[in-house]
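After this come two complexes, each holding chain A, first together with chain B and then together with chain C.
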Partner chain A sequence: MDFLIFKAPMLMVQASLDGILLGILFALIAYGMALQWGVMNIINIAQGDLVILGGYIAYTMYLAGIHPAWGVIVSPIIMFFVGWALYKLVINKVVDRDLFISILATFGIAIVFQQLMNFIFGADVVVAQSEYGTTMLFDNSVTLPNSKIFSAFISVLYAIALVVYMKKSRLGRAIRATAQNARAAKILGVDTEKVYAATFGINAALCGIAGALISITLTLHPYVGLPYTVRSFMIVIVAGLGNLPAVAVSGMGLGLFEEFADYILGTEFRIGAVFMLLVFILVYRRFKLSKKREYLK
Partner chain B sequence: MVKLKQKDLILYSGLIILGLAAPYLFSAFKVQLTYLCVLIVLAMTWNLQGGEMGYNTFGNILFYGLGMYLTASVQVGMFFPLAEWTESGGEKTFVHTTAQYFQGIGVGLLVSAIVPAIVAGAIGYAILGLRGHYFAICTLGLGIAAGEIAGGIEIIGAGQGFTTPPFPAEIVDTEARGKFFYFLSFALLVGTFIFVKYIYSSRFRLILNAIRDNEDKAEAMGIQTMKYKIVGWMCSAFFCGLAGGIMGGLIGYIDSTDVAFDGREMGVFMVLMAILGGKGTLWGPVIGATLFHFFKEGLWTLILGWQYVALGVLIVVIVVYFPEGLMGWLREKYPERFGEVIDEKDRKAQVELK
Partner chain C sequence: MNKLVKLFITSISAITLALVSFTSSFAKVEGDYIVLGSAISLTGKYSSNGVHTQNGYNMAVERINKMGGVEVQGKKYKFEIIYYDDESNPKRAAQLAERLIKQDGVHYMLGPYSSGLTKAIAPVTEKYKIPMVEANGASRSLFTKGYKYLFAVLSPANQYLEVAIDLAVEKNGGKGVKIAQAFEQDAFSQDVRLGILDAAKRTGSEIIIDDKLPKELNDMAATLAKVKATKPDVLVVSGHTKGALTAIRQISEMKVDVPMLAMTHCDAAKLSKQHGKKSEFALCASQWHKNLSYKDKFFGSGKKYAKDFQKEFGYDPPYQSAESSAALLVFKDAFERANSFDRDAVRDALVDTEMQTFYGNIKFGPGGQNVAKPMILFQVRCKGDDCENRVVAPTKWASDKFYHPIPKWSDRS
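Presenting the complex of A and B:
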């Protein structure tokens, strides 16, 4: 095998570190997806576009002369209201319906978002410069942008904050109760409509954080939302709903897979590899379950 | 064979005459009419999965794109080296003669019908074991992955695209190209319609409906559901591949993600058209595709730049407010016309129950 990555072991270290740091970010998006899937039983195809929108908010701040890292605070606040509005406009009409309806409806939302972002921010690939510099490891053979370390740190911080919030706060308990049994929660006086709106808002806020972090670590483009949706969907089906450690681990696993696929297959097949991995995971689980004469539910 | 009633006979012969006369009547819109035929074929074949079988696929675009690449590759590869053609403007150095062009496209279309059907059969067992939204997302991933992968393969033009052979220059009639592709797509449309109509009158459709309504029970009744699901998908793939092959020749340029595996446009269009018309009906996709096409072509130019926003809004509105489509709405309103007898007493009883 004459792949570069097998000749230079340092590249492996590089890819692994990159992959893990990236994976933590993916896990954050996936956590939002697991939340809304578990609570509202909808699959949001527009998830990735919410991420990109969050990223553009941070990028706008960068253009205005504010450091884009502040985006991790501003972006979720704005995105929470975007999510809330989206719920009130469309999502509340698809919550109790067939999952395919929610997939198609959010697909429509995704197209609208992509186009609006294309109009407002242009079709160029942009990046917000954080100017955090890079860390050199192992005799300068592994370079690690500090922005990636920062983004992983912020992701972990927000994830912990969210877990604590879900455990302790009144709204968090209401959300968990609704996820377990919406009808019973309703009978016991939980305003499920509000809970749903809040859940969707929190999910959008998580996307906002992730987007702001992506704007300084990776690149932004109006049409790259769908891969983030698929990544988070993949992480959720591997990890299961509401299992946060598993979400983190499979997020990192996906990050590792992507970085290695990038080196081995070439960058042009990176996104293709992500989508193929989705197909393989689903098919693998289908065969595993069909031995027990069951299917993915 | 299907026995036609006299009323139907008049309708069908009228439509066929209209179809044959259309390129002469609306000479300026031949390309649009070709698009319409292809859109109807895509909507009708999608309806076989999404409407009849209850498997909402986003993956039929895979066969469409595959057919497109296959037709063009075969048409070029039969006479000239494919790699040189795609590398740098081979269409300028190598010129198809008239005979070569038609031979090429004939064999190419044959391949583009058979290979996607085989592919559907090969991946069918793995993919069709998934159900509901997992199937939808999996096929969505499959379609996009195919686009991304095709965009990285050098021999079919990679990211810079693939120019399909130009129409032979020896034919001086400027109308000939448009007519050729129109009649090709019209023939495909007629073939697809007859096939789907035949399926609608057969036991096969009942089995597909049984799978849609309750797959476990269908299996318990002794139907080998997997076999029928795969055959159904292969039928769709066959016609989707042909549609893709014709489209590739008509457009004249194949790009991996924007023309061939165009999940963002064609892939969504076929779902939308079938739902708009009413899934699970014979005429629904036809009407849906026609309405959609007129709407699209009529409005696209008025709202230039905003068409995708309009498309997204349209998807949301149709899906949220009209999930049953036009035929479903008509059925609700005039059930007698669909051969449904309504027991007034029963209906009253049901109203009281509510």
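Presenting the complex of A and C:
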């Protein structure tokens, strides 16, 4: 029974596609985290809550009779300003401080956001309907919700747009320069304060897109942000900072790993398996690092 | 200066202390009022159901007070409830229970919302020998600890979906069925699972998929893919509102065909409203439905209760409100039979409770659970885009025939 997946090859295809489609979405959230972690050296615990807030924006549109898919355009615009305001209010006070302080500050933001969302949108679990239908493959034995395909497609689109923007635009160059060496960038005339605010805004906007996609693929609730934070944290740890292809691969890899762990180890170990993998990767990295150090000596 | 401040603090604390001791000595019955206490989730993740619970309590208090109140030793008393917000946090709930009992001097408690919070409070009420009638903690483990002061008006969690398995077996000509099940890993859902295991054993059914969903999980595509591959006769899902909404979303998107789908929390999730036609034919376990024919003199029938509730609070009462209202009817009955405010006398009267309310018959088993009321099953049925819950089992109250098997997705428009 445990190895049902090896008896039915179509299950293997289904699991792989499910894992990859979901992984791409997570990679988008993780990329936002990697970006502001790399630039500002801040681990944003409120990442998942920004995602959920973005989702609620799309859900509000849905309630107003607008198709929730438009959320992928509206939500990032609103969320960019939310991120910007958040930076001006809180984050700029902790940006040069100890990592621990920024974790505490964003943890506080997470709690405030959760309660606010609970207050405004209520504590019910909600979903928005996209009515996109289903794609059937291999004589109906593999079914893919079009909403998931749509969400993966939009994620890829935005990711490409972001990479191009970071490479070509003035602000993108300034962000990269600040990430490499904030002091040097400042001396050379980059307004790092503005760069930080923009980075945090861009991160929030990415969360907004992901949230809008989650509202039509999964479910929304004011208190489900943390798993998204943890997931993106893992992806970033595995991929390293400021490296989009690595983030994408690690996102999809984790998605795949999770799906297969579900079939082979059982659903109850699905998330546990991901954590085990994280421990393994951290130990492996340390091991590699210590070897390198010895070599340098 | 310093002395002045000290003096000030001392006098303030003295006054507070005096006030506290003053209120506590009279709090259990103050003048014409019997004071009940409840820690309830008004904020945090259970806040919507917490509010349903509170509305249920308030509705019953108002009704009982209006209809003459509670008669003890020839004198009429009214109910009053002290509420504290437990923030959906078990630790806070236990603290507040302690505060209600020790500071506010409450001698009779009403339960909080959810099994988890009831579990946190029960040891406290038990320690101080405070009778608690609770209406929203169904976990079986509440009734196996030997608590003597805990009484639940609702059926325990393991009974939630047993009826569904019986129904599936009946439809299968009395032969055992193949069951696929997915339950969240929390006390309540796992108790529902135990009930299914019992029912499977009893009916000779086979469990072919037995997934335990992690709490953080909001994607059950893997489970559903397995269901598609193994073709069970019945799929059972329980994972609170999130589980119910996720299941319907993904079953409809992945076009999973099962002859029967049984779940919990459909009404709390507003399934028929949020998912509309996609949720049609889902079977849902419920403690109560307004169409049941139980009666009492305070609320009349379930239908009447629903109408009055709608008028008062502006929405259709979920079963969480109905069972909460029933808890107060139980207390009133017990006070009058005990004819005393002695905690142990009230507790003994509660043990002997045997009554009918609009919500159902109530009689407490040895563990404190209600053994007189069966669970009911309703099925989501749609006319056009309008979907509603119709009672289909047990047959005594069924307003509609149970639709079986669920048509294939390819045949559904």
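Convention: the second predicted complex is superposed on the first by the 251 of 297 C-alpha atoms of A that agree within 3 Å, B and C clash if a C-alpha of one lies under 4 Å from a C-alpha of the other, contacts with A are read in each partner's own complex, and residues count from 1 in each chain.
Assume a contact is a pair of C-beta atoms (placed from the backbone, for glycine too) under 8 Å apart; a residue touches a chain by one contact, two chains touch by 3 or more.
These numbers were taken from a predicted model, which means no experiment stands behind them.
Asks: Is A:Tyr196 contacted by the first partner chain B, the second partner chain C, both or neither?
Replies: After superposition on chain A, A:Tyr196 lies in contact with neither partner.
Asks: For A:Phe80 in the superposed arrangement: first (chain B), second (chain C), both or neither?
Replies: Neither partner.
Asks: Tell me which partner A:Glu268 touches in the superposition: chain B (first), chain C (second), both or neither.
Replies: A:Glu268 contacts both chain B and chain C.
Asks: After superposition on the shared chain, which partner residues are touched by A:His221: those of chain B (first), chain C (second), both, or neither?
Replies: second
Asks: Is A:Tyr158 touching anything from chain B or chain C once the two structures are fitted on A? First, second, both or neither.
Replies: The answer is neither, since A:Tyr158 touches no partner chain.
Asks: State whether A:Phe121 touches chain B only (first), chain C only (second), both chains, or neither.
Replies: neither
Asks: Touching A:Met276 in the superposition: chain B (first), chain C (second), both, neither?
Replies: Touch status of A:Met276: first partner only.
Asks: Determine, under the contact definition given at the top, whether A:Ala105 touches first (chain B), second (chain C), both, or neither.
Replies: A:Ala105: touches chain B, not chain C.
Asks: Shared contact residues on chain A, chain B side and chain C side combined as an intersection?
Replies: On chain A, the residues that contact chain B in one structure and chain C in the other are 115, 119, 226, 266, 268, 271-272.
Asks: Considering the complex alone, what residue numbers of chain C touch chain A?
Replies: Chain C residues touching chain A: 43-49, 182, 185, 208, 211-214, 216-223, 225-226, 228-230, 240-242, 245-246, 249-250, 253-255, 269-270, 274-276.
Asks: For the complex, which residues does chain B have touching chain A?
Replies: 56, 126-127, 129-134, 136-138, 140-142, 144-145, 147-149, 151-152, 158-159, 264, 268, 271, 275, 305-306, 308-309, 311-316, 319-320, 323
Asks: Using the touch definition up top, name the residues of chain A that touch chain B in the complex.
Replies: Of all residues in chain A, those touching chain B are 43, 90, 93-94, 97, 99-101, 103-105, 107-116, 119, 226, 230, 233, 237, 266, 268-269, 271-272, 275-276, 278-279, 282-283, 286-287, 290, 295-297.
Asks: Quick check: in the complex, which residue numbers of chain A touch chain C?
Replies: 1, 4, 8, 10-11, 14-15, 18, 22, 115, 118-119, 122-127, 129, 134, 136, 140-141, 143, 145, 147-148, 218-219, 221-224, 226-227, 259, 262-263, 266-268, 270-272
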